[in-house]
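To keep things simple, chains are lettered A, B, C and D as they appear, and every chain counts its residues starting from 1.
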Amino acid sequence: MAGNTYGENFKITTFGESHGAAVGVIIDGVTPGVEIDEAYIQIQMDRRKPGQSSVTSPRKEYDIVHILSGVFEGKTTGTPLFVMLHNTDMRPDAYNDIQHAFRPGHADFTYLQKYGIRDHRGSGRASGRETAARVAGGAVARKLLERRGVQVLAYTREIGGIQCQTFQEEIIEQNAVRACDPIAAAEMIKKIEHLASIGDSCGGIVECRIRGVVPGLGEPVFDKLDAELAKAMLSIGAVKGIEFGEGFTAAAMLGSEHNDAMSSSGFLSNHSGGIIGGISTGQEIVFRIAVKPTSSISATQQTINVKGEEQLIKTEGRHDPCICPRIVPVVEAMACLVLEDHYKRQAAMHN
Amino acid sequence: MAGNTYGENFKITTFGESHGAAVGVIIDGVTPGVEIDEAYIQIQMDRRKPGQSSVTSPRKEYDIVHILSGVFEGKTTGTPLFVMLHNTDMRPDAYNDIQHAFRPGHADFTYLQKYGIRDHRGSGRASGRETAARVAGGAVARKLLERRGVQVLAYTREIGGIQCQTFQEEIIEQNAVRACDPIAAAEMIKKIEHLASIGDSCGGIVECRIRGVVPGLGEPVFDKLDAELAKAMLSIGAVKGIEFGEGFTAAAMLGSEHNDAMSSSGFLSNHSGGIIGGISTGQEIVFRIAVKPTSSISATQQTINVKGEEQLIKTEGRHDPCICPRIVPVVEAMACLVLEDHYKRQAAMHN
Amino acid sequence: MAGNTYGENFKITTFGESHGAAVGVIIDGVTPGVEIDEAYIQIQMDRRKPGQSSVTSPRKEYDIVHILSGVFEGKTTGTPLFVMLHNTDMRPDAYNDIQHAFRPGHADFTYLQKYGIRDHRGSGRASGRETAARVAGGAVARKLLERRGVQVLAYTREIGGIQCQTFQEEIIEQNAVRACDPIAAAEMIKKIEHLASIGDSCGGIVECRIRGVVPGLGEPVFDKLDAELAKAMLSIGAVKGIEFGEGFTAAAMLGSEHNDAMSSSGFLSNHSGGIIGGISTGQEIVFRIAVKPTSSISATQQTINVKGEEQLIKTEGRHDPCICPRIVPVVEAMACLVLEDHYKRQAAMHN
Amino acid sequence: MAGNTYGENFKITTFGESHGAAVGVIIDGVTPGVEIDEAYIQIQMDRRKPGQSSVTSPRKEYDIVHILSGVFEGKTTGTPLFVMLHNTDMRPDAYNDIQHAFRPGHADFTYLQKYGIRDHRGSGRASGRETAARVAGGAVARKLLERRGVQVLAYTREIGGIQCQTFQEEIIEQNAVRACDPIAAAEMIKKIEHLASIGDSCGGIVECRIRGVVPGLGEPVFDKLDAELAKAMLSIGAVKGIEFGEGFTAAAMLGSEHNDAMSSSGFLSNHSGGIIGGISTGQEIVFRIAVKPTSSISATQQTINVKGEEQLIKTEGRHDPCICPRIVPVVEAMACLVLEDHYKRQAAMHN
């Protein structure tokens, strides 16, 4: 319980269900005197919102940013910044058919087991809609990180088995799947459109690179920087795994291969992914996350209802056949939150 | 800073360096009235201690358990349980050669960057020795979980590229590498012995299965059960990745393949690894972690000293050529801590 | 920083400034399946709102309760409950005169020192308006405590030197100052009206009695029940002191007088105020708080401006000449939050 | 549960019972590179230890400080500092008589209610012995505060109804009761000796002054500096109340009297006690705590046993007839912990 807060010195607390009135976030611990406005946050919201392209959910949420506290005359005051996002395109009735049955791959069953009660409208709190509040909070963290020269960049590495072969940073925001390889991107889009047409879905891999982080960030023992990033990423709905640097490949490497040697001009390799002993090395931080295929598919599936009786189910609604494109800004937001919090923890220690 | 505490309602706080006087743990939030004694905790300590076999470090630490508070007449009192483990085989002088240089793959560089000061004796706080305190804390959590019928089992799945082909639970504690396949185990041991003879090291994959967990455990949004497990596992020194259920394989699956259908007798598959929406399904929880090759190798490597001057380095000392066998009880300990904490959080919500 | 959250297992996070758009609260850790509606919370809001009588601020805030998440079909879902209260009677321009000067007794100076920036409109975040969010959160805690048979009752004991001589519980909500003695109440009202007429203010003492708490609630060592209540009460703006049971009188008592003897039918006295060793005894919990005179007075006072230059100041605005009547529901709200949190902590320990 | 940790960015976690093997403290979040040694901490331990004079308990605890981690070559490393204090003068058998009965004024009854089990030896965890660990932790905080120019000074203001009439700082540590008036001190000592001779005890008032704190320290809303100090003080066993500045006297003052006016050379008075709106003003912080008479008296008292049967009880043992002299260093320790934590929180916000 009480798991709706993230961070220690820089902290967000979120609320809101998929088909309720609004989602929102209280951001506490904001450095005072920093210029920020709704337009800045809106940029990130627009990257996450549904309906951006043919490969995302057609739900129409404009996610207009409303800052209701914590900013005065264009600057942060140090008091909690509250951002609210009204839900505008709710269709709770669309879910009446499934209110008594558990959609496979969804949290319907587990929520009911946990709480003994369930808001069935569009997954309620388990909906990806909840991540809108994270992105708003992450945008404020991003603003603070800009002052530190930190840049957080996520993008699609693989979708439906199609892997990027090149890394072209400039094209990431230019294609609908946010992939780093234009040829792979085109294939991915075709694949997603095909799967959507047959009522199926697919997963993928999203990669994140963080640049400009000072060496020395991260807390041993339990709050290692990679441990915190892992928690932050696995807290995003569809994420099933994370790896840093060589990741699972490291399992088959030798120490003499994996160790990053050093010269007077710095590290000679970055197998570690920019974090050693839970602390940043000053190199690029690199990690990848595994994104499962969207659970909501319109194919007929076998399930049970709340009485335990077997039945067939088709999940209607307006879903993303692959969540990777829209998870990218959420990954960045969570990474920003972790980093700003750790910068503040570091400041606390040394001051 | 202040990152040496883990958990909310069941909480451990640890201290101790590799070549200091002792390591220890304060365990807070222990259910009162539960029978526990030093012998019970000792069993887990013995699984983690060095010197168990030809494939582990020859350092001799007996890790004798001393409970100094929180137990009265054989039962927990509800007040903090303190366990101390004296370091007995310290050889701080063995590290004099490397006190001014950074060992590749080690946290030497990052600790100095973070703190501006470094206890160079055997990695100080960054040493795997720190995990002894975790195992002691985890043993207490394990005791509480036994009363709930929860069983946590970790084992080696892969070492040095050699993968287990079978799962034979009964042989795990019978072989030096704690693998689940006796044939693979024999090969792994041979490989490790060879690498040790040439001064190199290797990594591997450790798998964990958790049985008997009630459905409904785990906290949305940020404190999802898999997110917490991910943090707990990535907080262990050599771990570079984690995946649940199908994990990274899920990235290339279709929704129609990955979704776990349900029948009146329960789930028909467990692609999710026992957790959906961050909450336990009641199935077996399954995850795997990637363990990097041990950083300490005696081969000559290129590095720099604290002045930034290039030099060659050979890491002497008594190290594990592969940490998988000894990481197994640490993985179990951390999983126990996460689970007991979440059981208590669940109780808090419903009471 | 990040001090806008209260509680561990039952947790509120608030936002909002005096003359901003709204104040609000996210309540996390709510037991699921409990019936609650806006009307229930509104009752408490109405007790706190300004403009109730001749002795309170004439500001007109209706504080209409809007629940925007966490309740589904009239019952709590276990997910965060969000309550928003729009500010309707803001007059930020009324504060233009004082935007560059520090009002004596106000947090104007300290906020500017802390943040380097200040929202001068009606004290911003330092305004008593912030407590509206607490009362909304406390109302949800009160609902949960009702199921436990716990009753929290606060009232005015003394105002402007006039002390209650009797304790008549039934008249507390019948008089404008919420005193427990009708004769004293009448005198208090007269005194406040007189002070208001000459532009001055006064303080008082508010007492709180909590009934029906089980014995055994509260956490040694640092989170003693009285310690948590003390923090909760001192966190309310105008409170300058707290005492439990005999309180400061105990300083002049003998052990033989102060110790509460026991008979087979229970304690024979309650000098301790219902808490011993930080844990509830099962008796009535009794504490009193000292409330300072309202800082906002219209008499001319000596102060400085932000440049450090001396000037005279008159605080205009619509203020309470004595805050006791309106602090009563805030005291109850905070006590409810502390108690519900401790009940949940107790459940976590024993389950 | 899990209430044995104090602080956020500077954090202590303690363990240990009165008649167990040891008490100890893990101090996390210590600024690295600061010179500290056992002798520095020992000074504070010696001020708290029993057996200092005719007016304190004759129990002989030398409380020899052992630092077992977190210090390397005389300097803090930033990793957890662990201090252990062995119990040397345990006489658990002295408590056999009272193991089945509840001593009036003691936590015997409440602990049993809370935990269902009780370590009866000398109050177990509820003993004042627990504060030894706090003083060790506080000494480390004090060291860090010295670098900030902060000075924390507590002393006895009143004992057994005898009040100090003068404030002579230099004599505080020169008299056995740590009073600030030598004439009152002599009377207090006489009174305590008399009460000890007849098997009774008395309470008193301890005052604390904190100098050199920057303006701007403390967190609105819930973590106000006075709220945190109140919690810290009320968490000390025998404390029944706290007041800041004018405290309870403020309840009968007018706003025009209580407001601290400002001139170009600063505040013209300090009725607020150095904290306004929960944030330090830069003036001296002043608070007083009410200390109840020691519960342990050798006079015969009426009580019940664990079966609920009435009986008479005489509390033998070696107790302080008035705890004020020995509570002084504990008050200072807790104040140091609160302040260092808040300095670190402030640094986190602005960096």
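Criterion: a contact is a pair of C-beta atoms (placed from the backbone, for glycine too) under 8 Å apart; a residue touches a chain by one contact, two chains touch by 3 or more.
Predicted, not measured: the structure shown is a model, and the values here were computed from it.
Asks: Quick check on the contact graph: shortest path length from chain A to chain D, in steps?
Replies: 1
Asks: Which chain lies the greatest distance away from chain C when centres are computed from Cα atoms alone?
Replies: Relative to chain C, the chain with the farthest C-alpha centre is B.
Asks: Which whole number of Å gives the spacing of the CA centres of chain A and chain B?
Replies: That pair's centroid distance is 27 Å.
Asks: When the centre of a chain is set as the mean of its C-alpha atoms, what distance in Å lies between chain A and chain C?
Replies: Once rounded, the distance between the two centres reads 38 Å.
Asks: Can you compute the centre-to-centre distance for chain B and chain C, using the mean CA position of each chain? Integer Å is fine.
Replies: For chain B versus chain C, the centre distance works out to 46 Å.
Asks: Quick check on chain A: which residues sit in contact with 2+ other chains?
Replies: 1-5, 8-9, 14, 29, 32, 78-79, 114-115, 125, 220, 344-345, 348-349
Asks: Quick check on the complex: what are the chain C residues that touch chain D?
Replies: So the residues of chain C touching chain D come out as 1-6, 14, 102, 104-107, 109-111, 113-115, 125-126, 130, 158, 160-161, 195, 200-205, 214-224, 226-235, 237, 240-264, 268, 272-273, 275-282, 290-297, 299, 301-304, 308-310, 345-346, 348-349.
Asks: Under the touch definition given earlier, write down the residues of chain C that touch chain B in their complex.
Replies: 8-9, 29, 31-32, 78-79, 220, 343-345, 347-351
Asks: Which chain A residues qualify as touching chain C in the complex?
Replies: Touching chain C: residues 1-5, 7-11, 13-17, 20-24, 26, 28-29, 32-33, 68-70, 72, 75-82, 114-119, 124-125, 344 of chain A.
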